[in-house]
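Going in written order, the chains are labelled A, B, C and D, and every chain counts its residues from 1.
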Amino acid sequence: MSQSAPTHNSTVDDLVRDLVERRIRMHQIPSDLSAEEAAEVRRRALEEQASVSLDHMRRYSFDVDVASSRNCENLIGVAQVPIGIVGPVPVRGDTVEDEVYVPLATTEGALIASTNRGCAALRAAGGARVYVEDVGMTRAPVFRTSGIDESRRFVAWIEEHEDEIRDLARATSRFLELVSIRPFVFSTTVFVRFRFQSGDAMGMNMATIACDRIVTNLIEPSTGVHCTALSGNYCVDKKPAAVNFQEGRGKRLFAEVEIPAEVLSRTLKTNPADLVEVQYRKNLLGSIAAGSSGFNAHFANVLAGFFIATGQDLAHVVDGSTGVTFVEERPNGAAYFSVFLPTVPLGAIGGGTGLATQSEALKLLGVAVDPDRPGQAVMRLAEILAATVLAGELSLMAAFTSRDLASAHERLGRGPADATEG
Amino acid sequence: MSQSAPTHNSTVDDLVRDLVERRIRMHQIPSDLSAEEAAEVRRRALEEQASVSLDHMRRYSFDVDVASSRNCENLIGVAQVPIGIVGPVPVRGDTVEDEVYVPLATTEGALIASTNRGCAALRAAGGARVYVEDVGMTRAPVFRTSGIDESRRFVAWIEEHEDEIRDLARATSRFLELVSIRPFVFSTTVFVRFRFQSGDAMGMNMATIACDRIVTNLIEPSTGVHCTALSGNYCVDKKPAAVNFQEGRGKRLFAEVEIPAEVLSRTLKTNPADLVEVQYRKNLLGSIAAGSSGFNAHFANVLAGFFIATGQDLAHVVDGSTGVTFVEERPNGAAYFSVFLPTVPLGAIGGGTGLATQSEALKLLGVAVDPDRPGQAVMRLAEILAATVLAGELSLMAAFTSRDLASAHERLGRGPADATEG
Amino acid sequence: MSQSAPTHNSTVDDLVRDLVERRIRMHQIPSDLSAEEAAEVRRRALEEQASVSLDHMRRYSFDVDVASSRNCENLIGVAQVPIGIVGPVPVRGDTVEDEVYVPLATTEGALIASTNRGCAALRAAGGARVYVEDVGMTRAPVFRTSGIDESRRFVAWIEEHEDEIRDLARATSRFLELVSIRPFVFSTTVFVRFRFQSGDAMGMNMATIACDRIVTNLIEPSTGVHCTALSGNYCVDKKPAAVNFQEGRGKRLFAEVEIPAEVLSRTLKTNPADLVEVQYRKNLLGSIAAGSSGFNAHFANVLAGFFIATGQDLAHVVDGSTGVTFVEERPNGAAYFSVFLPTVPLGAIGGGTGLATQSEALKLLGVAVDPDRPGQAVMRLAEILAATVLAGELSLMAAFTSRDLASAHERLGRGPADATEG
Amino acid sequence: MSQSAPTHNSTVDDLVRDLVERRIRMHQIPSDLSAEEAAEVRRRALEEQASVSLDHMRRYSFDVDVASSRNCENLIGVAQVPIGIVGPVPVRGDTVEDEVYVPLATTEGALIASTNRGCAALRAAGGARVYVEDVGMTRAPVFRTSGIDESRRFVAWIEEHEDEIRDLARATSRFLELVSIRPFVFSTTVFVRFRFQSGDAMGMNMATIACDRIVTNLIEPSTGVHCTALSGNYCVDKKPAAVNFQEGRGKRLFAEVEIPAEVLSRTLKTNPADLVEVQYRKNLLGSIAAGSSGFNAHFANVLAGFFIATGQDLAHVVDGSTGVTFVEERPNGAAYFSVFLPTVPLGAIGGGTGLATQSEALKLLGVAVDPDRPGQAVMRLAEILAATVLAGELSLMAAFTSRDLASAHERLGRGPADATEG
């Protein structure tokens, strides 16, 4: 081969060919290619194989090196989800005392318009009072013993070694702090639910790494008890669960507002009695009838939009959207309206938060991690989320009372009503 | 140009100023501006107000006119979520008999790599047998009566008028067909759960519009019974619920594979006994201990990635990820592995499916709506999803048995293991 | 009497000795002894062994032959549970239009007094409107298949052979009629929930016998599919369960009353607003907070008392007490009050209904089985039960509003208040 | 009045007449009559009114003065429930190390025989290892605040005054000791779950009286926050609930046994693989499919029989029967079998425990309250119950594997099999 080594381009072409003809797999692109090139090779192979164009998937502006190493293996491009803006959301919390514009990423018409109407009502009512508890992130390995006696001894051992366990956790990250240990015994099966503070990070990865160290380096060798799985579903992650409702996981959110009669009728086209009626027959009785653990109208919609826009783990919408809405009549034709979300995993750093648009969204929200004040950034994020969920819930509930739901669907989101729920 | 109308550019600048100084609201951009211009006005106002740059949010390639009218009001830009590719996924269903590359949009390292390993195991095992039932989309308005007698008469009236109701539903869309009506009585509260086939659409908007017509034009005037809310949470949408588990909603998915001993040990580094053990102590006992209704390891992760990539309603991850995993030892060291997802809302048209990258993803999957064969496209989509969930679940369960979970976290997704769960 | 056969008395003594010295077991009393004698032998052996007197257990008046063969093996005597009377309960149903005295067996002071106060309120309010649906008794064998394909074929086979199955069921009892079959597939596990009408019997034994015949004689030989257990917990018996809530099992009960202002204040020392408040914060929010599936104050108390008095299967209090209470304010200071119990197993014949005191209780209630009108007797029983639960619930809820609960405890049931709940 | 005062007999006759003609009510029998006479008056009135004989209800031997003042108002007689004996049950616990005969009161044929077979297997296997935790009795008043801020202050106040609360509780009973306080906030609704040790008493009445004192004398006057109901259903009593499962209430029971191959085949006609199979498809998958929170075969049957015989509150079968069964294959053809009941209310004094036959049953079990060792008697009772539930569960599970269930029904309980479940 006199002609010298193949040019880079011919390598790309060759690799595309290799992929199409299945001589190599998607994850076997040689590592001397840049992430950008590797993505292009995969895209072109897919385009050729499936006779499609992936031109739009090409149009990303995030740092592909970072994204492909931290967020997404076998990267081929981007999913573009439209972002709309709601607000300003008037937030009155321990961290935030401000009006904030909130970006929501969604593909479902009417969600933005409806939430925006809720924000108008909140502003007219003097703002959303919010309150967030940093409950901590949990991870619960599961262990197998020979019987109840060994389970008892094992639990006793764990409780006696809490200090050692705490030290081991700290050694894996300076932002990780063991808060508590909760064992739960099922005869020969022992779940040990570790709870950690994790600063501004959502914390699941940190918790998993710490648990691995604790289990592998300390618990198993010391006790001889085998760990069946590092996550024993008593954590519990990305599934609705009573233990999370009872004890919380991540952040526990409250938001409330008292809406004067005039705002109810003018902005929301409703009144307290009708809101209470929808709350009673839909959110309470309807969910009881359905055997549902969600006693709200549509927390999941706002949460999903917020999670995508701000780089949260999207599967956390499952547990994060758990919760209850409360409505009460108040004197002078006012209505008290409140939401409770007991188990919202949330991070201001890590995961998808560093990606290009997600990072912009966090900046827009004024969320900036300060290593000297760990946890402050994520608390701001949580307070804003709580107020935004309140706005969305309020508006949809009001829409039901005035039967705006379906007409909004037909108008494809043009207007103040609601379509996507719920 | 004295006194003339402002040039277009000056209008944009003026509007930005108006927004920043709150003389107008985000949804009050004059309608003579193009959607593109309106988005720019909003973005610039936000940039100025919050002193941030939203340059990356600007980098969308979808049709902003369509997106802002159908998917997202107050549009300001795009959330860019990385897409990785897994597969090919070997799907053996009634609709698909093929190997398919599947795009997943995610920000959580290791999900793609892990699912990909599951795909390798499925291929080596002869493919995933999948089976999908089109259960239909439901919507359940809630009504208020004066007491049990009126509730009984009301239910009897509904049942007697099923034909009229069916005709009304058809009149709202030629793709909508009433399947069944299920009333549920709580003394003075009556839920009426309408179930529809909706062709290739996910169907919730169509169902809502039909219900509005049925309630407003027929049921209320004929019976005099008041509808409290068009959605009574007995539907039930975007919340985990027993009624959906029992009766299904959207698509009901099954997938299974029998994995030979050699594939288990070589590709998955595991064995049947360990898989059964993880299934027993984590997926079954762990979820029982947690009071969870999700008896699986991480359906939600794959579902979320698939939903974002293909333009599904993201909040549907909440109900869609409900389900159970099954593992059994089989002769000769093989393992039977199966997943069941009883209630997955899914569409091949409508919602976010027509957006630029989402549309490419559907084409890549070979999902093409054919008006003459309504429902075929979405069944293909469902079968592919079922197989992909199987791949993801299988790989993570295997990772637990070989304790790969945490090390994958630390390696940030470089490798065959699992990090994001579950 | 040299060498003669032992007298009867000496046999009894000998057997007592044999038992005490463990030469024989409790169930090995020779069958030539009468049931009465066998019971005496066991009692005396226990008395001797444990140095206790069982004189009170001796004081039964039921037919010991029948009881020991049908209700209770190894019979040693009687548990005496006090019966109090409440009422008359004013019942306005499809079967009963009468005032009925209702016996409740209980050991918990205040339950009778409180329920009685509820009866007084019901009478003053014009009676309890009740409505009962005979939903049918279910039994669900569980089968094991090799995979989804076999499960599908198996379900199809079952559905095609419904007529044969119905005939087989009829052949086991002329009072048993198959109503419906509901299969539920978990990949390799198939539950088949058979639903039967069973006349005046509670029906579980009849259903089990019929299922055994259907499975052993028809399904297994015809399909080759193995039945793992004749009851697969999808029945579901004596456990709280969503499937029973959704679909009903046994009888589905409703009862309601509108209570005028004057009755509320005079008889119940309460008012509509306070009742609604207790309903909202205790029965609805409290049960939601607790993750409970019982949205009532104390259905279980009345049900237990009724079940013991009338010879029902006592473990059925578990599923039977599931349900929801509803309260609404009505014009002129009245309150609407209603209870819903979706899944109450109940029989007027069989089980313990034929025992001496239980039979008297049924006669006192006017419940008489007429073979020519099967199901009439049990419907009467169900209607009376529904009204009695309403009375008990109403009174306790009112007691909460006037803070009578604890004082009643201290007064040990002397008075109109409530102690045993709930 | 020449004719002299009416004799006592004529008074009885007169009162009967007054009752029949409704001049007085059942609870208005003059208090100068003895409890015995009052019961006779009521009985005779009922007999006359309903033209029935209540001769069997007359045959009680308990102390009617005590019963009518403590256990049952408007007393008219007795419900006679047959008691059978099972055992001896070999119990190996911290309190009991003995073989104990256990009386169960039941009307359902086969329960005794089946449980007895389980006892035989336990004896042959070396006995049941049991372990009981005295978790404490809970009561949770519910309070109403004006909003989240007041809720936070209220909770802080409660936590700061734990010592005062503890002192108040002690003042109501020397056997009552506050263990912990757990608040749960739903915006304007605050549940405060008090947990108490209550010696040998089940403790609910003591807890209620203490809570009344704490709320009325301390919390309400000090905080100005209104208590809506002394029981806020977050207690939670006589309803299945996640909070009880997670945190326990009353006693938490464990029992286990390893059964050798020979005992499995000879006594139970089964083998480990079949037991595991029934556990998997029935107790786990079946309950998951049913949406049930009971993952066992029939805890409720044994519990109900035990509760009636020993004078427990019968409605407590609802929460008490919650729980999970575990089965594992062990080396050499043995099977590990275990039961877990997390929330069993139980008392050795108070309630119905002092009644005639119930007191005999407790003595037979060797349960004797010693004021100097409070809690010892009830722990013995709990350990025996745990072992008996294990015996019953084991036998029924084995019966499924050999398909004995229905034949036992037909033989009406004559034999080793099972009929009443489950």
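Operating definition for what follows: a residue touches a chain if its C-beta (ideal position, glycine included) is under 8 Å from a C-beta of that chain, and two chains touch if they have at least 3 such contacts.
Owing to the predicted nature of the structure, the values given are computational and were not obtained by experimental measurement.
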If every step must land on a chain the current one touches, say how few steps get you from chain A to chain C.
1
Just give me the whole-number Å value for how far the CA centre of chain C lies from that of chain D.
16
Distance between the centres, which are taken as Cα means, of chain C and chain B, whole angstrom:
43
For chain A, residues contacting two or more additional chains
184, 186, 189, 242-243, 245-246, 285, 288, 291, 293, 324, 326
Line, ring, star, complete or other: which describes how these chains touch one another?
complete
Residues of chain D touching chain A in their complex?
129, 131, 147-149, 152, 184-189, 242-243, 245-247, 254, 256, 258, 291, 324, 326, 328, 336, 338, 340
Touching residues (chain side chain A, partner chain C) in the complex:
242, 245-246, 284-285, 288, 291, 293, 295, 324, 326
